[in-house]
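First chain A sits with chain B, and in the next complex the same chain sits with chain C.
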Partner chain A sequence: MPRLNDQTRYWMLVLPALAIMVIFYILPVLGIWEISFTEPATGFGNYVKMTESNAVKTSFILTFRVAAITTVGCLLLGYIVAYAISNFVSRLTPLMMALVLLPFWVSVLIRSFSWIILLGRSGLVNDTLRDIGLISSPLRLMHNELGVLIAMIHVMLPFAVLPMLANMRGISRSYTDAARGLGASEWTAFRSVYFPQTLPGVFSGALLVFVLSLGFFVTPALLGGGRVLMISEYITYQIQEFLAWGLGSALSVALLVATALVLLIAARFVNLKSALLERN
Partner chain B sequence: MTETTDFEAKADIAEIAVERYKQGLLTRRGFIAAMGALGILPALSGKTMAATTEIIVVNWGGKAKDILQEVMCDTYTKETGIKVTVDGAGPSAGKIRAMVESNAVVWDLCDSGAGSALILEKAGVTQPIDYSIVDKSKVLDGAVYNNGVGNYVYSYVLASNPKLLGGNVPQSWEDVWNVKDFPGMRTFRKSVRGMLESATMSMGVAPKDVYEALGTDDGIKASIDRFRQLREHVIVWGSGSDSQNLFLQEEVSIGNIWSTRAHLLKDQMEEGSFTVTFNGGVVAPGIWVVPKSNPAGTEEVMKFIAHAQTPELQVKWLEMIGCGPANPAAAALVPDSMQKWNPSSPENLATQIMYNDTWYAKNQISAEELYVDALIN
Partner chain C sequence: MSNPILSIRNSVKRYGPVHALDHVDLDVAEGEFLTLLGPSGSGKTTLLTAIAGFTDLSEGSVSLRGRDITNEPPEHRDFGMVFQGYALFPTMTVRQNVGFPLKIRKRPASEIRARVDECLELVQMGAYADRMPSQLSGGQQQRIALARALSFKPQVLLLDEPLSALDKKLRADLQWELKALHDQLGVTFIYVTHDQDEALSMSDRIVILKDGKIQQSGIPDTLYNKPRTRFVADFLGKSNFLSVKVKSREGDHLECVAGEAAFPVDATGHAGTVGNSAEIALRPERIRLTEPGKEFLTGTVKQVSYLGERCQVLLTHSVLGQILVSCPTWKSGINPNPGLQLGFGWDADACVILEAE
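Entry: the complex of A and B
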């Protein structure tokens, strides 16, 4: 067998994965692009219809808002968790890791249903609050955007914690120690020495959560009471209820383009390469 | 009306098989095999399709399938010796049409709707009802078509939970839009069907004028605006079981739901915590349609339809699953305790309107779009 050069060998190693991507992802996506221009008539009809529709506009704004708030929530909570796990070694550390990973073992559907039991009008939270006399009538915790946000942050949290954790574990303590030794206060050492080093982890967590949230479907459908109609649910609605494949496809193309735009804008402010490829 | 995910998946696969057969991607033999594997063609192997020994009646599955079998079909078999089997495959208009056009008809009688019945008649894939066998006078007005005849009725009704409302029960759609005196969440369907009518009536339009008011774009907009005003108090139901759950979990105090679901809820909820009024309800008939060149032959099916008109059986159907009798003569036989829940009792019919398919054929899709926009945040 002739000796292959390194590059060819690496390419051959990634070939199976690449083939799967092309056959089962890229080609169908292109098919969707085609449908958006050809059904029911050839041309830009679907896109015109889309931009004229208020419902689509509202749904897009809603989708991006929910995704943005979810991302911020996940980063705030996740940063604290990741910081605690990577900086305070204790016997509890493995347990905390397990708690972060545990939700991955339970289906999103079940987790969303659990929130229904917790947040319902006569759910655990409302009943408890009422029993201890804090509220007289039940709070509206679900079937609205609040419920969707609570559950989305819960579902997405591991996706924020894990990249930040990986990043923080690679940061040597000696930097902050040196800063402290040179007279920086604990806060200053964290702010100007530790925090900047964690930014790549924060950004990759943010990107992961944001992009996943944009296409999220199950949780908003279950906890939104039908009124938090994310764009992915709207697409399903078009395709299943009205058999409007063309419009549904156009919407999904628009979502893809919008997501790409967000990444491009992000790339102007953040070094995406370091956020996505390098952990330090 | 009961749908389960299981059925939907199955129906979907069947739809795909029909589609592929039509496109010539599946041979006739493959098609029959696929349908058989899905249980849509029960025990077909080894039998000729023209055998008149069995009538296949198709409805939408779930509990309704078993009850149709027990109430209508088994009684017919007992009387005539002819086997009748219910299949819950979900006879959507698309499927019936594909079956007839591909010459692979395996269904004899389908539980369809008025809109679908008209579409199918126009497409020329259903048979005329033989009104010398089926008695026209045993069917409600408005449920008699050339190629379709009413089998049962259900309504969109105003349901409420008196316990959550402190005994103050809404009597009209106007009350439903009055959030001050009738607090709590309301539930409406995630589709304009049966919903726009209620919003129109809430503005004081008389029931008989509803579709006239909805006949103009302004009328539709006005009705949609009513939902916009109410939306902070609305939870949307997607499937019949959604609406049932929302009442069971006391998430809503008021709702516009199917009378068949209300029928289940009245037994599931505590005494005094569930009631309905048919005032301003919208009655929708279920319609029997017979696909062209059905295997059991025209006459056999017509005889079965006539059998299913028997008032006593229709009353039993109502008692068991809430399907309102399509035969006006049945109303008198309904026990007093059930009258209140019967969508087709003379008292309840008097306060309701008939679902208008022509309006839906023309306006539904554009109205749905506006409706979604009005409801989402």
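Entry: the complex of A and C
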């Protein structure tokens, strides 16, 4: 049997996956692009309608706001978790790692429904607060932006923790020791020596959470109860309820372009290749 | 020692049942180049980090010019420290790294600039001020770490195996530079290493540690030529160890025997009671090789190893067993080949009687 050269072997390994991606992903996406220009009439009609619609504008602003707040929330909480896991020697470290990873094995649907049980009008949180007499009428904790944010931050947290954890584990303890040996207080050592070294992890965590949040569907749909229409839910409405395939497709294209723009802007500040691909 | 700059008293550090430091007392003189030498696990690094403030002692105290600093955090101790991996801050330039201690101390920018330039000149790195640490070689990073530790004129400089990551030739060059820097600045250096050559070539005084205890301390010459225990004789250079019986004594002059072999031993400062057995250390380079019969012992060459400047000969003797001899290649005069019979002997003061451990 003739020996295959490296080039051929590489393509033989890559080809099946590539074929699946092209047939079941790239082509349908291109189909959506096509629909956005052809349904119901050929031309830019859908895009004109989209830019003129106040509802679309509101939905886009809401989507970016939720994604931004989710990102900030995940970074704050995630930084503390990642810092604790990577900087303190403890027998609990493997358990903490497992707790970070555990949510990945539980469906987003189940996690979102759990939040409904917790945050509902007579959910666990409201009942408890009423029983101990802190409130008389239930707080509105869901079917609004607050509920969406709480659940979104929970769902997205591992995506923020993991890149930061990978980054922090690579930072030797000797840097902060050196800073303190040279006269820096613990806080100064953290701020001027440790924190700057964690920025690559923070950026890649932020990017990951933000981009995923922009197109997120399940959690906002369940916790928003139809009142917090993020763009992906808005698209579903157009297609399922109004059968407006053209407008729905145009919105999908707009979301894709918006996400690409975010990455493009981020690329000016961060080395995307190292932030997303190389987990140091 | 009158007015030591640093005194460690009765220091103990326990990790569970293990004593990393076992009741260590140490005084460091102002301006001294002191080396803590020992194998890994001997407690030398624990002692250094206890001085620096990174390790909390289980018992005992550390004082600086008579002031107790046992419970002070590292940032209040004002010691410069050079870490094993240099620990240069990767997000800062060389200039920012060296200026870091001064910035912390809120010195004016102009003063920081001038002092950083001065320190970089001191370690011959003036041209590299605007590089990032990752753009420097190991030896250059080492120099920057040194400049950074010296920039705020610390009272004591602590060095934790600073040369261990460098290759042999560079290490030798930097040993000269470190020593010169110490003599030029007059700062007290406390230097941790497991490398006996580094310890011997630079130190004013060496402290040898084993299992958390000080084995012996003294100037390099004393430690090398008058080791007290087998551990010190073995760790610092190479030694032959001979088990002998004391046959007779005249003043400090002993006559020792091992089987039929008899030889003189200088016993200045040792008891060496007649009839007792003793262990003796003998440096390989103090043994003379001759034609058979011209010295008091005769052995057979077992193996020869050529090292360029020196030649090591492994002899076997019927009673003493294997004896290692090291002679300069340029004047040995004899050509030892395996199987050859050679005479060998030594001066009385070449032998050191060891204390039982």
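FYI, the second predicted complex is superposed on the first by the 253 of 280 C-alpha atoms of A that agree within 3 Å, B and C clash if a C-alpha of one lies under 4 Å from a C-alpha of the other, contacts with A are read in each partner's own complex, and residues count from 1 in each chain.
Keep this in mind: a residue touches a chain if its C-beta (ideal position, glycine included) is under 8 Å from a C-beta of that chain, and two chains touch if they have at least 3 such contacts.
Model, not experiment: these values are computed from the prediction.
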{"item": "Simultaneous placement of chain C and chain B on chain A, clash or fit", "value": "fit"}
{"item": "First (chain B), second (chain C), both or neither touched by A:L229", "value": "first"}
{"item": "Contacts of A:A206 with chain B and chain C, given as first, second, both or neither", "value": "neither"}
{"item": "Partner chain in contact with A:L62 - chain B first, chain C second, else both or neither", "value": "first"}
{"item": "First, second, both or neither for A:L182, with chain B first and chain C second", "value": "second"}
{"item": "First (chain B), second (chain C), both or neither touched by A:S174", "value": "second"}
{"item": "After the two structures are overlaid on chain A, angle v-u-w for chain B, chain A, chain C in degrees (C-alpha centres, nearest 10)", "value": "160"}
{"item": "Contacts of A:C74 with chain B and chain C, given as first, second, both or neither", "value": "neither"}
{"item": "Which superposed partner A:I35 touches (first chain B, second chain C, both, neither)", "value": "neither"}
{"item": "Least Cα gap, in Å, left between chain B and chain C after the two complexes are fitted on chain A", "value": "43"}
{"item": "Chain B partner contacts - residues on chain A that touch it in the complex", "value": "53-55, 58-59, 62, 120-122, 143, 145, 225-229, 234, 237, 241-242"}
{"item": "Interface residues, chain B side, partner chain A - complex", "value": "185, 190-191, 231, 234-238, 249-251, 365, 368-370, 372-373, 375-377"}
{"item": "Residues of chain A touching chain C in the complex", "value": "172, 174-175, 177-186, 188, 192-193, 196-197"}
{"item": "In the complex, chain C residues that touch chain A", "value": "52-54, 73-75, 78-81, 83-85, 87, 89-91, 100-101, 104-105, 148-149, 152, 158"}
